[in-house]
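One chain, chain A, links the two complexes that follow: it is found with chain B in the first and with chain C in the second.
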Partner chain A sequence: MGKALITGNHAAGYALSVCGEANRSARGCVAGAYPITPQTEIVEYLRGFNFSRGRVVPVESEHSAMAVCIGAALNGARAFTASSANGLAYMVENIFAAGYYRLPIVLIAVNRTLGPPWNIWVDQGDSLMFRDAAWIQFYTESHQDLVDTVLLAFRVAEDPRILLPVCVALDGFVVSHTLMGVELPEQAQVDRFLPPCHVPHRLRVDHPATVGGLTWPKETAHHRRQIQSAMERVPEVLEEALDEFEKVFGRRPDGALRVEHAEDAEQMLVACNTMARTARRLVESRQSEGEKLGLIKLKMFRPFPRRQLREAVGKAKRLGVLDRNHSAGSGGVFWGEVAATFQGRSDLVVQNYIVGLGGGDVTPEVLGMIADDLQTRMTAGEPIWQEVGV
Partner chain B sequence: MIEMTLYGRGGQGGVTLAKLIASTYFNRGKHVQAFGVYAAERSGAPLQAYVRIDDAEITNHNQVRTPDHVIVLDRTLIAPNILDGHKPDGWILLNTPQPPEAFAEMFPGRNVACLDATSIAVAHGLGTRTVPIVNTTLLGAVAKVLGLAASPDAPRTRSAPGRPEALRTRDLPRASDVPRTSDVPKAIGLTFKDVTETLAQSKFGGANLEAAREAFESVRLEKLPGAAAAPKARAPGAPPKDLLDADVGGMPAIRTGNWATRQPQRHQLTPPCNHACPAGNDIQAFVQALQRNDATEALSILLVTTPLPGVCGRVCPAPCMDACNRRIFDESVNIRDLERYAADHGELPPPTQPRREERVAVVGSGPAGLSAAYHVARLGYPVTLFESDKELGGVLRTGIPAYRLPRDVLDREIRHILSCGVEPCHKRVTRADLVELTQRFAAVFLATGLQQARGMDLGPEADGRVIEGLDFLDRARRGEESTKQQEVIIVGGGNTAMDAARTALRLGARHVRIVYRRSREEMPAIREEIDEALEEGIALDELVQPLRIFREKGATMLTCQRMKLAEPDADGRRRSVPHVGEDSHFDLRCDRVILALGQSADVGILPEGAEVREGEALVGMTAAPVFFGGDFASNEGTVSAAIGSGRRAALHIHRTLTGEDLFPTPPPVAGPEQITMHIFEHAPRHDGRAIPPAARRVSFEEVRRGLVDDPVFHPAEDEANRCFSCGVCNLCDRCVHYCPEGVLLRCGEEFQFDYGQCKGCGVCASVCPRGVVYMTEL
Partner chain C sequence: MTAMATQVESNCDALLRAGNTNCAGCGMSIGLQLLEQALGKDRKPLMAIPACCGIVTAGAFPTSAYGAPVAASTFASAAAVATGLSLVGEINGEDAPVMVWAGDGGTYDIGVATLSAAAERNENVLYFCYDNEIYGNTGGQRSSATPEYVTTSTTPRGKAERKKDMMAIMAAHRIPYAATLSVAHRDDFLRKVRYALTVKGFRFLVLLSPCPTGWKSEPQESVDLIDLAVRCGVFPVFEVFDGMRYRINVRPDGTPLEKYAERQRRYAAASMNLEGVRRHVAEQWAWLEGMERAFPGSE
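Here is the complex of A and B:
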């Protein structure tokens, strides 16, 4: 297909569409569709795609959009949808249902601030709201990363060792509405990369069954434990999927995390999404000036890649965790996870910086101030609120 | 890396321009990025868009802080702050009618390019009726500016004619991580070919390309004198506001009205039907009343301007329907049948009494006299109406057959006129009487119509076989005519010719033939009248001029000359001239010839030396002023024109007697371009019913039956609902519903724009179906 000039939303819509179309020889695909800024162009794109065996179902709310996906996936279709912010909040009941039903649904979350006060710009608080819902979560840093990760998401979700839904997040406006060049996968390549979707517990006329009925505490705990086991298998399955991706497409997207300058870094920034790309620019610049600054880009938030993260920090003495989200009464959500990962490491400073909330424009200069602060820290303090301009 | 900042307003296409610029460089193999900064205020709100172009992958995702080039799409956004972060050797492209030199003080030492993109966009019809869209136009200017910025020597002159199409391309160095102010702006030379390619890809059509070309050729470039100040970073914003202090509901209040460059206003226009109505009827208003199925209200609106809606609803040629804007959309509204419906179904108001002293005399009770008497009476004057015949109505009674205008309809409307304070007096008024009337009355109105028929010499055999059309109709009405078994030839092409032909048919003629010296196209008769005559079996010979009647073998024959059309005469109709050739003459059998060639006024009633001029009174020659109207004063020849003439005379009389001017001053006409046609649904016209041709030939029963309600269908209401209400608000509330900001309110019939918040997006004007809401430049 070659490189196309396309917005993030249309790239996401394209990726979902070709993945859905790839299941045409099996039980087809279904999308529940409801618009919300800044995600609207994705469902618009889906409505315009001519599926051989698939349906885009316009519904009256996000809650129903996910309900459509649940019903479709329970019938063995490849199911997907997209939403943002308060739309995701309205969807949450069924988001949990999809996770606990173990349905390989793919949801694109175009990150946007939860209101009120009303704000349409990027903030990861919306997808982090359902971090505990038995969903795998990927945070993507660019148009290309987004497209590639959508393909990986279906492959991982539908793997018989996993069978969990996947949320792929991107920055509202910063990616969703920005025009950039992207290598779009061709249908034939996607057909090769994605095996037909198989949901082993799908509903069958010849084998009537009820799913999600009443259970006792023992069964429920067992059910959660099974989900945890599946989550623990994700890194391995993801690596396999990346190998296969490289074979088909000739490039290797980032995995659970991506580390830069771990070998000599004394300070490392931990970031995700486009903020990680901005941080990378800063790191390259500082490295060229001799400063020992490194970067860990966290792409996978669920399951949280604790093992890989512990390996990634190397000899670093300080971690600065950047959070474009805020868990009221605590601090950044990523910080909480990173701090828990390094419990007992008294030699490592894990400092939280809350930056770019509500879509604040995070420039290399802003991150430079954070790096300067981190460099001089001997101990970690309470989360620091780094204010940025519009 | 090249970075650009675009300043525009929501709805102007700034983000699209950023994307078009990016596409143009993407086509040249560059890495690009284009994005806008969106806000919740949408259209009209100031917004910025950014473009990045590089040879390497672009990894910045923050806003552009130190642009190489700045583009301003809206002249109201041109201000010193656009220099924030701007690199001094980059370009500033402004959409403004002003030349670059005008900005010498604001942007000293800068490279400034100016283009009146708005005018170009408007001239090429780009954008909506309410908001011009300038992005594709500006793309042409961008190509020129960036093409030049890449050349080794930046221009000092206004234009660089003869520049080769392909400019030198220079590869760009990798971008530095943190922008340095000393970076020299770089650009790959763009040519107009690049613009053509980008616009074609984006499916922007011919007008966009032409506008871009005009921009490419006409953008003015200048390096302004003076020293450029060092780039300045963007000023920090005000500290954030604590939402707990005030305005808990949302963002600190923004007076978005300050952003507006245009403002919506409302006005009422004259609907084209009203403008075309010779009687001056408020057609739009009465049709709107029929939309509510309120025939009495509709009738009361009609009665403001005409006492004869039942007559006009039957016999008017309806120029309103020719002017109807709906005619362009599908078919004109059936106004004539709606007027008839209102007259036949509405309730007439109770009688009124005169309330003034001055008495007014009206001579002649044709449509002009009736109208003048009615309107003078409505103004409160006692009126005496003189008529030589023993029945009132003039030509309405004597000249229009009952199958077109039933007597009870005419009688009903005359009774209503009399009930308004009009006293009839059946007396022929002579010249001496007129002088005497001016002594007894405060004013006299003269509308005695056309009494002298135009004749035609058909030779000595014509005696006793030729009759004048109006005479024939009058005699027929009195039962003094028969055409049993006769061959009848009618000469003429007006309504009298049609009426005479159809009456002759009904009186038993074996065969009726109309001969007319021009073609059917030029016939002044109402089109439907001609159609109905032909339906009834009457023959029509166009381009035929009768010459002479002669007798042959016991039969009467009429020799005729074939004619052909020549160039138009003074009144715009094509003249006819004799056709020369072998078959130029032929004979027709005939027992009777009815001449319907028109009539002229008999001015013998006027004082010696008096002249009749339309709209002027005869003052000073008699004791009281004498006014004229109807066909007597100007040969308009239609009932509605006569009604209008009588009404104007009444207003004239009133002004003469009291000094009070009641003449209306209507606003401009709402043309079809003012109507948002696409929001309407196509709907065929509801035509009135008619009795079948075979039944018509043997009776004087009314042919047309108008719009007839039945228990299920209400064709009049449905037909009224086809009215666009051109130029007149009918409280449809589309402007209120579509206002994206909710700053347009209606209370009763009052509309209120909150100009403090209105951004001038123009949505209200673009959704107004009837041209009432419009945008003004601030």
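Here is the complex of A and C:
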């Protein structure tokens, strides 16, 4: 396939399709397809792809899109879907079900503001809504990051040590509807990278068992504890998947975190998705001016990479956590997690900046104002609402 | 290895095993046993069961009272989960029938959009609704399947609205086969289930399922009650081919409605208007007879 100029949505659709097709050697693939802006072109792409052993079901709702994936995965197929904003909200009951069933489903979340009032632009509040649902979550910064992460998502989800669903998020419009050059993986490469999907607890006619029935408190707690253990294995399994990715594709995508200028940074921005790209540009220009500003791109939100994050901050004295989401009554969701990671560290200022809500354009200038504020801080205050131009 | 643990089997082959949690006189127990007879011992389905008494039937982990594998789905999702199960079976050339076993809450109410969509796509799914005309599992609240005037815990003065005509709604999807099943008419029940098993596409079968705790009736009278419901015309036993062609299987024999109502305390509301019920039953039968005359159906 080589390098293609392609939109984020088509890149996601292509990546899901070749991953689904790769399972033709096993029990095939099934996807649920339901439209919502700005995700729609992904499911259109899936409906148009000529799967040799796959079905894409045009369902009546997001709730059923995930339910079809659940049924398919419970019969051993590779299963995936995509949605945004209120579509994800409508899907949530079955998002939890997929996690608690331990099914390796992959969901693409094209981040969009939850309404009302209605707004179609980017905001991470939709996928963060189900952060507690036993799903691994990745936030991607570019078309290439997105494609590579979809491939990694299936590999990690289906690993017998993990067996958890994965959500891959991207920015609505900023990525979904813009064109970038992307190295698209060849089918033969994906076939090599992804082992056949094996769901060990799938339904079998010769094994009458009820999956997801009633459990007592002790078994329920044990089930949740098993999920936590699986989550704790994710960083190691992800690193192995990255090694394998590098062997097959000759490049290494970002892992849980990507850290820049940790060696000398006194203050660091913590960001996800395209805000991390914009922040990188700011950091490069400030560094060239001698300012000791660093960057942590938080790509993996679940499991939350506490250990890696503690290592990443190095000697930094201040962290500015950027949140394009708002947990009403608290602040930014990423900030809450980062602050909890550094509890007890009185020498570290962890300041929250809520920025770009509802798709506001987060430019290098906006992030520059945030960096200026952070640089002078001796203590952290309440979350700061940083206004943007649009 | 660390997959979600599944509920494991005993050495019992029955579709509904001993030790299940069903109440005495539950119509679902009779329905499942008849279903097993229709399937034969050697044929096991994949089942999707949403929230309802039917999933409580299985009992608690690590046991399962079903002799077939079951996906316990979320309340509104059974037909969509069954869609996924069925498509993967088709892709892999497997012939185990995929079935839904759902109550009236999961069928007439919360699951109706999912059901309608699966029927519209004509998924290869055999959908059973055991209709006990209430939310039985939660203690007997009204559903859109509850008949008019009937007392439930959320219609303490009797239900003001008529029962939803689910068969007409399903027929309007032009699915290949829809039928009502009476647990008091074994041969007719078995014949229709066996026929449904030979049909490809979406099939909808609904059985009136007596619920002694909700209907305030005597468990040992459950089969008699369904027989009376058929004979007095409250529960028409018929089938619809391709959503267009009708065949009535059992006609009412003039048994008075009182014979059916007086054995259930849910029909004892002060507002009970049996004359009104009788009028609606007569209307329903006139329509059904007209459909059969105009569009007669058979296999």
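Going forward, the second predicted complex is superposed on the first by the 390 of 390 C-alpha atoms of A that agree within 3 Å, B and C clash if a C-alpha of one lies under 4 Å from a C-alpha of the other, contacts with A are read in each partner's own complex, and residues count from 1 in each chain.
Definition applied: a residue touches a chain if its C-beta (ideal position, glycine included) is under 8 Å from a C-beta of that chain, and two chains touch if they have at least 3 such contacts.
Owing to the predicted nature of the structure, the values given are computational and were not obtained by experimental measurement.
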(request) In the superposition on chain A, see if there is space for chain B and chain C together, and answer fit or clash. (result) fit
(request) Give one of first, second, both or neither to describe whether A:39 is in contact with chain B, with chain C, with both, or with none. (result) neither
(message) For A:67, using the defined touch cut-off, is the partner it touches chain B, chain C, both, or neither? Pick first, second, both or neither.
(response) second
(request) Check the residue A:27 against both partner chains and state whether it touches chain B (first), chain C (second), both, or neither. (result) second
(request) Answer with first, second, both or neither: which of chain B and chain C does A:17 touch in the superposed model? (result) neither
(message) For A:230, using the defined touch cut-off, is the partner it touches chain B, chain C, both, or neither? Pick first, second, both or neither.
(response) second
(request) May I ask you to name which of chain B and chain C touches more residues of chain A? (result) C
(request) After the superposition, just quote the angle formed at chain A by chain B and chain C, using C-alpha centres and rounding to the nearest 10°. (result) 70
(message) Between chain B and chain C, whom does A:200 touch in the aligned arrangement: first, second, both, or neither?
(response) second
(message) By the touch definition at the top of the document, which applies to A:113: first (chain B), second (chain C), both, or neither?
(response) neither
(request) Could you grab the smallest C-alpha gap between chain B and chain C in the overlay, to the nearest Å? (result) 13
(message) Touching residues of chain C toward chain A in the complex: what are they?
(response) 1-9, 44-46, 48, 55-56, 58-62, 64, 66-74, 76-77, 80-92, 96, 113-114, 116-117, 120-121
(message) Help me check something: in the complex, which residues belonging to chain A touch chain C?
(response) 27-28, 30, 32, 53-55, 57-61, 63-64, 67-77, 79, 93-94, 97, 100-102, 160-161, 163, 199-201, 203-216, 219, 223, 226, 229-230
(request) Within their complex, state which residues of chain B touch chain A. (result) 18-19, 22-23, 26, 31-38, 40, 58-63, 65, 176-178, 234, 236-237, 243, 250-251
(message) List the residues on chain A that touch chain B in their complex, please.
(response) 5, 38, 116-118, 120, 142, 171, 173-175, 177-181, 274-275, 277-278, 280-282, 284-285, 361-365, 368, 389-390
